[in-house]
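To start, the structure itself, in structure tokens.
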């Protein structure tokens, strides 16, 4: 099998002359790298030496073989080193990229799946979003600038990160905030949560080809992004109708129940954790939230259906919180003249709790560490997709609600 | 002459399907959109991926179109408006539409791209799930008509349409026909979010236009087949026969297009399991029920 | 119309369809040709330039169904002529086909019990 | 008569051509689909011979069966894409001789055998189908039911050979 040679490492240590040959077509030899004119594969480097014609290709040459010794094409010989599927059949596996521009996944997320047929045998995921320069590592920056930068870190949840930066700075500077301000912030954060969760629904709908839901969720998401309190509260009947409709949708349950299951793990955050029965919610310890009658939504099955239900429950509950909060704050920039100190804050972003630690010196942020939910979730992808059918695997990855922008590698 | 008329009607029907599809998708009824989209597609570059199986790549869209058109040739719009009233018409339409599978396999394998190839093989699995649910209900229809002639099948429904006489068969056939036309929720082979359009992924420009035209024609053919086999064909009071055929075909098309929007795509494993563990036993039950019914109350 | 004429007509329609598609291609050609640019002809891979061929041994997980399907497909050959004369023959035909289908159904049940009807 | 001759001649040549392609190509997929179209052409020949039911059945069944053969070839044959340009023929001399002998034999039978008077008028296609049905339910009923048993045997054999039983699978599975 010529494919075996394609992964053989070649000795490249000394400076023997190198030529390039196709793993499939040994007769194709070039002096510089490129692709094979016959099949388009990358040419592999090879040292020029006396035995430059590899013997393993003789097995392909039927007409020249003596058939009596049965040396040709023994399936057992040829397939014995191939990876086995769980039904015992040795097959060729291919690496297929899904992303950075794939219709069913967030942009900038690169997911490379090793496919065995249309079953996922392994997965590698990384983000291609440019976000490494957003936090100051050496150069100090003033507090307002820092808040702006953090708000731009994740375009999918700007308010949550803005709030996170503000609270960490206020914590460092020892600023107390008024209860009305705290409630206004809750209003803003919950509005963003509703928009984000509707975005989750829209992605779910897109991944499953559920056009009606895609249109509804997208329209509601656009409505809710900049809505004031009255406009938000006016969405309630529509959201209730949407939930009722989803309960009656055929195939929805079979599409999501028992799929994408995750073991309860301390890497789980936010709705993914709450769908797994873990009470992990930064809001449940926040006195301002407790005063508004906050309660966590929880499911135990840890599958895609549970995540769907948690997202739907939280949309409704966030509306209740917005109603109780009484206002939606605009989150103006902080004024911390020349305070110094260490600060820490945890905010329950729509994707789970994000934690920021920073050091403030004379009103300037001199160091900061950020921990985001998507960073944790990225490492779950392999366990989530292994041995799943392709559609199920992609849906499970989508149900994690990864934001490539907040992933810190 | 008749055949030319029917082909023109078929193309007009495919056009209406496109209008209907856009209407259902975005709520705007615009008759010019498909023409403009078609011209735009002709004007776009038609790229051939590197090192493909060129014969497969070029043949697939044409074969899909031929398959859809030939399938429609045995379906009567009125007692006289039929191209070839083949004596084995009900079997012939199956034979023609099986080449939808062959076309999609070619389209999947041809371009040497991962998304397309997986889409093609997925459709073979889909065929294994739906094929029996096409042929077994048609058998039951033929039992009542005592003939494989499609005109005879329509005539046999003069007293009572088959949708009432064998509702189980109708349900199975309708669902299977949607699966044959890879309409949502059975669009496993062309799933946009799972395979970036799957078998259609590598087609662009005029080749994609042919592919889309073939798909629309296929929907038309299957709607017409549903009407002929289950909805009494051209029969109906007051209106002339061609009007009844047209109205029924459009209604079935709309139902097929609408259903897919209201539910998520089916999982391949579920499709196979339900097709075999539920669909085939039900189809056999349908044959048995119709068998008894035909003997006691023809 | 004799049946041979009908087949001839169907063949003619097939050829006509090919001609129609070719004329569409010619029409598109008058708008202009595709320009050759590097990277353009790489099969769709979501933004990555994957260069390896994918024509490999593909693991179809439905092979259990496929094996049973071959048998069921065969059986349909008998169903159509049977259906045509069913009413004429009556009860005998019902019993006959009942036995035949029962035999086939046994095969289905066996496959089912052994796990052929699932994703392998 | 000319239509008939044209049909049989044209599709006969097509069938032979596709049959040759089966072995002339390197790709398993092309090979499988060439066989499919060879069989389709045979079906069209049946149509030309006024055996409509048989022809349409052939055209229909071969498409699914050969497609399923294609997936099994792609699953189990080396290098299904033919990128290694594998030779598809084996034992060339023997097969040449065997092919020549078979062809001469068939041609000799066709030419030398006394076929008797040619039946000028075949019953029409609808009648043929009905006759076939009556034959199945009458004289050939036993053959028909035996075919059922044969298919059952094939199903059981295929399942037993190819399917890993449920118990064995659950023990090898980790999840």
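A, B, C and D are the chain letters, set down in written order, and residue numbers restart from 1 in every chain.
Everything that follows uses one rule, which is that contacts are C-beta pairs under 8 Å (C-beta built on N, C-alpha and C of every residue); 3 or more make two chains touch, one makes a residue touch a chain.
This one's a predicted model, so the numbers in the text were calculated from it and none came from an experiment.
Which of the two pairs, B-D or B-C, is linked by more C-beta contacts?
B-C
Report the chain whose CA-based centre is farthest from the CA-based centre of chain C.
For chain C, the chain whose C-alpha mean is farthest off is A.
Report the inter-centroid distance (CA atoms only) between chain B and chain D in whole Å.
Using C-alpha averages as centres, the distance is 26 Å.
With chain centres taken as the means of their Cα atoms, state the distance from chain B to chain C in Å.
Going by mean C-alpha positions, chain B sits 13 Å from chain C.
Centroid from C-alpha atoms only, then distance chain A to chain C, rounded to Å. What do you get?
38
From the mean C-alpha coordinate of chain A to that of chain D, what's the distance rounded to whole Å?
50
Counting only residues that touch at least 2 other chains, which ones in chain C make the list?
Each of 3, 45-46, 50, 53-61, 66, 68-69, 73, 76, 80, 83-86, 88, 93, 108, 119-120 in chain C touches at least two other chains.
Multi-chain contacts only, two chains or more: what residues does chain B have there?
50-51, 86-88, 91, 109, 112, 114-115, 121, 124, 128, 131, 147-148, 196, 268-269
Can you list every residue of chain A that touches 2 or more other chains, as numbers and ranges?
3, 24, 38-40, 87, 89, 91, 94, 96, 102, 117-118, 389, in rising order.
For this assembly, give the contact graph shape among line, ring, star, complete and other.
complete
Enumerate the contact residues on chain B facing chain A in the complex.
25, 50-51, 112, 114-115, 118, 121-122, 184-185, 187-188, 191-196, 260-270
Spell out the part of chain D that touches chain A in their complex, as residue ranges.
Residues in contact with chain A: 75-76, 78-79, 81, 83-87, 89-92, 164, 169, 172-173, 175.
What residues of chain C sit close enough to touch chain B in their complex?
Residue positions touching the partner: 1, 3, 6, 9-10, 13-14, 16-18, 21, 24-25, 27-28, 31-32, 34-35, 40-46, 50, 53-55, 58, 60-62, 65-66, 68-69, 72-73, 76, 79-80, 83-88, 90-91, 93-94, 97-98, 101, 105, 108, 112, 117-119.
Name, in rising order, each residue of chain A that touches chain B in their complex.
For this pair, the touching residues of chain A are 38-40, 94, 96, 102-104, 115, 117-118, 205-213, 249-252, 254-255, 389-392, 394.
Tell me, which parts of chain B touch chain C in their complex?
3, 7, 42-43, 45-51, 61-62, 65-66, 69-70, 73, 83-88, 90-91, 109, 111-117, 121, 124-125, 128-129, 131-132, 135-136, 139-140, 142-144, 146-148, 196-197, 201-202, 205-206, 209-210, 268-269, 272-273, 276-277, 280-281, 284, 287-288, 291-292, 294-295, 298
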